[in-house]
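The same chain A turns up in both complexes below, where it pairs with chain B and then with chain C.
== the complex of A and B ==
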C-alpha cells in the first residue's frame, strides 16, 4: 500500500469573520496527482499556504511524510521534502536561469549532486536558456523554471499553485504532459488550477472547495458528475475554459 | 560584469598601497587613513545592509565596542594591540548574536527600529559605564599599534598601511562570503524572501550568520580605529555614526564591492570639505543623498555597475522576443 505523503486533518483558517479554510481533511498517497479546484475566493491558495507553512492554521493538523509540521517554518518543511510553486510564477528575476537553479541547490546544502542542474534543465525543457535573465523569460518558461527550482532539492511532494496561469492553450496541454513526466520521477503532486480540461486529464483525484469548505472529493469523473459541484462551480456552462 | 567589477575593485589595491607615497601632506595621509579605517566599518555594514538587505542602525555601536575593547585593554591593562583583536571580534559577534536573536524574526522597518534601540543602548553603555570607558570624559591616551617582529607602526605611513591591510582583509572576507553558499542564500532572501523560504533557505539562520560575521568585522574596524586616533569618547560608537555611515553607504552604493570605500570617502571627506561650517555637514550629507537618490538611485558604485551591465548585455535574440509576445498575449 502506498505511503501517505500528505495528510491534512480538520484544517481551518479565518481572517476576521471570514472562514477562508473551513475544516478541510484529505490524504495524498505517494505517486498520486491530487487536484484542488474551486471558484475564486474558495480558499485554495490559503490551503496551500497552510500546508507549505507560510501561514498558520487556527485549527487542524498537517502531516508530511509522517511528521507533524504544523509549527514548522516553510524552509523546515522544504527540508523535509515538501516543495511548492506560487501563483504567478516566482523566480529570482535579476539572476540567470543557471543562477536560479544554483540558488535552489544551495538552499539544501548539497542534498542533490552536481548533475541535478542538467537533469532539471532536461526535464523542464530549459536547455539553451541557462544564461538568460529569469525575469525576461516568457511566462511559460518562467513557470517551468519555477518548477525546476522547486524540484532541485529532490522533494517527495510538490504543491503547484495555478501552474497554467497566463498560458495559452497549447502551452497548457504541454504543461500537462510535463507534469506527468515530473510525477513519473516519483514526485507526488498537489495542483491548484482553474483549467478543468487540464485538471480532469491530469489528476487522479480532485478536491472541490467552495467558501473555504470541502464540497466534493473524488475522481475527476465523480466530481464533474456531482450535482452540488455542477451547481456551485461548473454552473450551467459546463466546462469552463 | 561581476568579473569586471571584481577586477576593478582589486586593481585598486596596489593604488591604495602606494597612496601614502604620493600624497603630499601629513593631513592628506591622515584623511586617507580615516577613509580606510571607516572603510572597514562600511564593508561590514555592506555585508549586512547591502548584500543581506538588513538595514542595521547598530553597526556603529559594534564599531565603538571594538574600539573601546582595544582601547581599554591597551590603556588600562597594557595589552598588546594584536592580542586585543580576538577579544574585539568575540565582543562584536556576541553583540551581533544578541541583536540577531532578538530581532531577526522581525521584518523590514521593525528590524530597523529594533537595531536603532540596540545602537542607542550601546551608546548609553559607552557613556555611562564610566569606571571602564571613562564616560563622557573619554579614554586615552591610547598607545599606537604594537609592532610585529621587524615591523614598527610608529610612522603615519606605516599606520596607514596597517589600516589599509585590514581593509583589504575585510574586503577579501566579504568577497568570500558573498560568493559562498551563505552569500547566495543571503542574496536570494534579499531578492525574494518568500521564494527563498519556500526553497528551504532559513531566513533567520542565514541572516544571523551574516550578522555575526559583519558584527565581528565592525568591531575589528573599531579596534583599528582606537590606536590610530589615540583617544576615544562615546561618539566613537554613537548613534550619529550609525546614521552617517548608513547614509554614506547608500551614497557609495550598497551591495557593491566599491560602494563601502566610496561611502567611507564621503563620510570622512565631506565634513572636511565643510571645515568651518561643521553644523552644515549633516545637511550637506542630506543634500548629497537626495541628489544621489534622484540621479543614481543605486548609489555611485551601483549606478556605474548598472551602466556597465547595460553596455555589456547582448541584444535580445529575435526568437526570444517573438516567444515573449506570443506567450504574454
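== the complex of A and C ==
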C-alpha cells in the first residue's frame, strides 16, 4: 500500500467573519496526482498556504510524510520535502535561469547533487535558456522555470497553484504532459487549476471546494457527474469537462 | 586644469565614502525594507575604533580591520535585538527605531570618548602630484579600498551561492521562502555587511575628518540621498550614485559656491525625482540591477 505523503485533517482558517477554509480533510498517497478545483474565492490558495506554512490554520492538522508540520516555517517544510509554486510566478526576475536554479538548490544541496540543474533543464525543456534573464522569459517558460525551481529541492510532494494561468491552449496541453513526466519521476502532485480539461485528464482524484468547504472528493468522472458540483461550479463556469 | 583634477579627485574620494555607506543601506533596504539610518553612526563608531585600536597598537590598518569586524558584529547584534523584533511592525516604527539607534550610539560615543574630536594619523603620509593636482596618499587609499570593496561585493553577490541568496531574498521574499531559504538569516547577513561597510567608511575617513559623535550625520543623509537618487534598493545604483553625488558636491563647492556645498546633492535629487521618480536605476525596490 502506498505511503501517505500528505494528510490534511479538519483544516480551517477564517479572516474576520469569512471562513476561507472550513473543515477540509483529505489524504494524498505517494505517486498520486490530486486536483483541487472550485470557484474563485473557494479557498483553494488559502488551503495551499496552510499546507505550505505561509499562513497558519485556526484549527486542524497538516501531516507531511508522517511529520506534523503545523508549527513549521515554510522553509522547514521545504527542507522536509514539500515544494510549491505560486499563482503569480515567483522566479527571481533579475537573475538568469541558471542562477534561479542554483538559488533554489542552496538550502537543499545535501539532498540533491550537482547534476540537478542539468536534470531539471532537461525535464522542464529549458535547455538553451540557462543564461537568459528569468524576468524576460515568456509566461510558459517562466512557469516551467518556477516548477524546475520547486523541484531543485528534490521534493516528494509538489503543490502547483494554477500552473496553466496565462497559457494558451497548446501550452496547457503541453503542460499536462510535462506534469505527468514530473509525476513519473516519483513526485506526488497536488494541483489547483481552473482548466477542467487539464484537470480531468491529469488528476487521479479531485477535491471540489465551495465557500471554503469540501463539496465533493472523487475521481474526475465521479466529481463531474456530481449534481452538487455541476450546480456550484461546472455549470457556473460553463467550460466543458 | 589643476583645479579640475583636484576637484575630481576630491569628488571621487568623497563619493567613494558615500557609496560605501549607501551600498550597505541599499542592500539592507532591498532585503528587508529597513531604512537603516544608523549606518552613519556606525561609520562614526568605526572611526573611533580605528583611532583607539590604531593609537594603542600603532597600526592604522589593524585599527581598520578591528573596526570592520566590530561593526559587522554590531550590525548582527542591532538586527537581532531591534529590527528582527520589529519585523512585523509598520515601516514608521522601523524608521523611528533607526533614528533611536543613532541617538543611542551618539550618546554612547559622547560618554565613552567625550565630545572633543580625536585625530588619527594618515596611514601613509605624503602626497602625489597628478596632472598638477596634489592628492594625498590617504585619499588614494580611500579610492583604492572602496573600488576593491565594490568589485568584491559585486563578485560576492553575483558569483557566490550566498550572494545569490541575498539577491534572491531582495527580489522576492515569498519566492526565497518557497525554495527553503531563511529570510531572517539572509537579513542578518545583509545587516552585517551593511554595518561593516559603514565601519569601513568611518575607518577610511577618520584621518581626514577626525572622530566625534556627530561625524556620521552628514554621511547618513548623503547615503539616503544616494539610494533615493539611485532607486531604492539598487546596490549597483548606490555605488554609481555615491560617486556622482561626491562629484556634484565637490564641483559645486569648487566652481559655484562653497557655502552651498551641502545643497547641491539635494538639488540634484530634486531634479532627478522630477524627471525619473523611480530614481536613476530603480523601478521598484530591487537589490541588484
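Methods note: the second predicted complex is superposed on the first by the 234 of 241 C-alpha atoms of A that agree within 3 Å, B and C clash if a C-alpha of one lies under 4 Å from a C-alpha of the other, contacts with A are read in each partner's own complex, and residues count from 1 in each chain.
The working rule: a residue touches a chain if its C-beta (ideal position, glycine included) is under 8 Å from a C-beta of that chain, and two chains touch if they have at least 3 such contacts.
On a predicted model such as this, the values are computed, not experimentally measured, just so you know.
S.K.: Let's test your reading of the overlay: on chain A, do chain B and chain C clash or fit side by side?
M.R.: Here the two partners, once superposed via chain A, clash with each other.
S.K.: Give one of first, second, both or neither to describe whether A:106 is in contact with chain B, with chain C, with both, or with none.
M.R.: So A:106 meets both chain B and chain C here.
S.K.: Give one of first, second, both or neither to describe whether A:52 is in contact with chain B, with chain C, with both, or with none.
M.R.: In the superposition, A:52 touches chain B and chain C alike.
S.K.: Based on the superposed arrangement, let me know which partner A:91 touches: chain B (first), chain C (second), both, or neither?
M.R.: In the superposition, A:91 touches chain B and chain C alike.
S.K.: Now for A:78: first (chain B), second (chain C), both, or neither, which partner does it touch?
M.R.: both
S.K.: Could you look at A:3 and tell me whether it touches chain B, chain C, both or neither (first, second, both, neither)?
M.R.: After superposing on A, A:3 lies clear of both chain B and chain C.
S.K.: For A:138 in the superposed arrangement: first (chain B), second (chain C), both or neither?
M.R.: first
S.K.: May I ask you to decide whether A:167 touches chain B, chain C, both, or neither, giving the answer as first, second, both or neither?
M.R.: After superposing on A, A:167 lies in contact with chain B but is clear of chain C.
S.K.: Any idea whether chain B or chain C touches more of chain A?
M.R.: After superposition, B is the partner touching more of chain A.
S.K.: Would you mind listing the overlap between the chain B footprint and the chain C footprint on chain A?
M.R.: Common to the two interfaces on chain A: residues 52, 54, 73-75, 78-79, 83-84, 86, 90-95, 102-104, 106-108, 149-150, 152-153.
S.K.: Give every residue of chain A touching chain B within the complex, in rising order.
M.R.: 52, 54, 73-76, 78-79, 83-84, 86, 90-95, 102-104, 106-109, 132, 136-141, 149-150, 152-153, 166-168, 171
S.K.: Spell out the residues on chain C that touch chain A in their complex, using ranges where they run on.
M.R.: So the residues of chain C touching chain A come out as 161-162, 164-165, 167-168, 171-172, 174-183, 286, 288-289.
S.K.: What residues of chain A sit close enough to touch chain C in their complex?
M.R.: 52, 54, 73-75, 78-79, 83-86, 90-95, 99, 102-104, 106-108, 149-150, 152-153
S.K.: Under the touch definition given earlier, write down the residues of chain B that touch chain A in their complex.
M.R.: Chain B residues touching chain A: 181, 184-185, 187-188, 191-192, 194-203, 316, 320, 323-324, 326-329.
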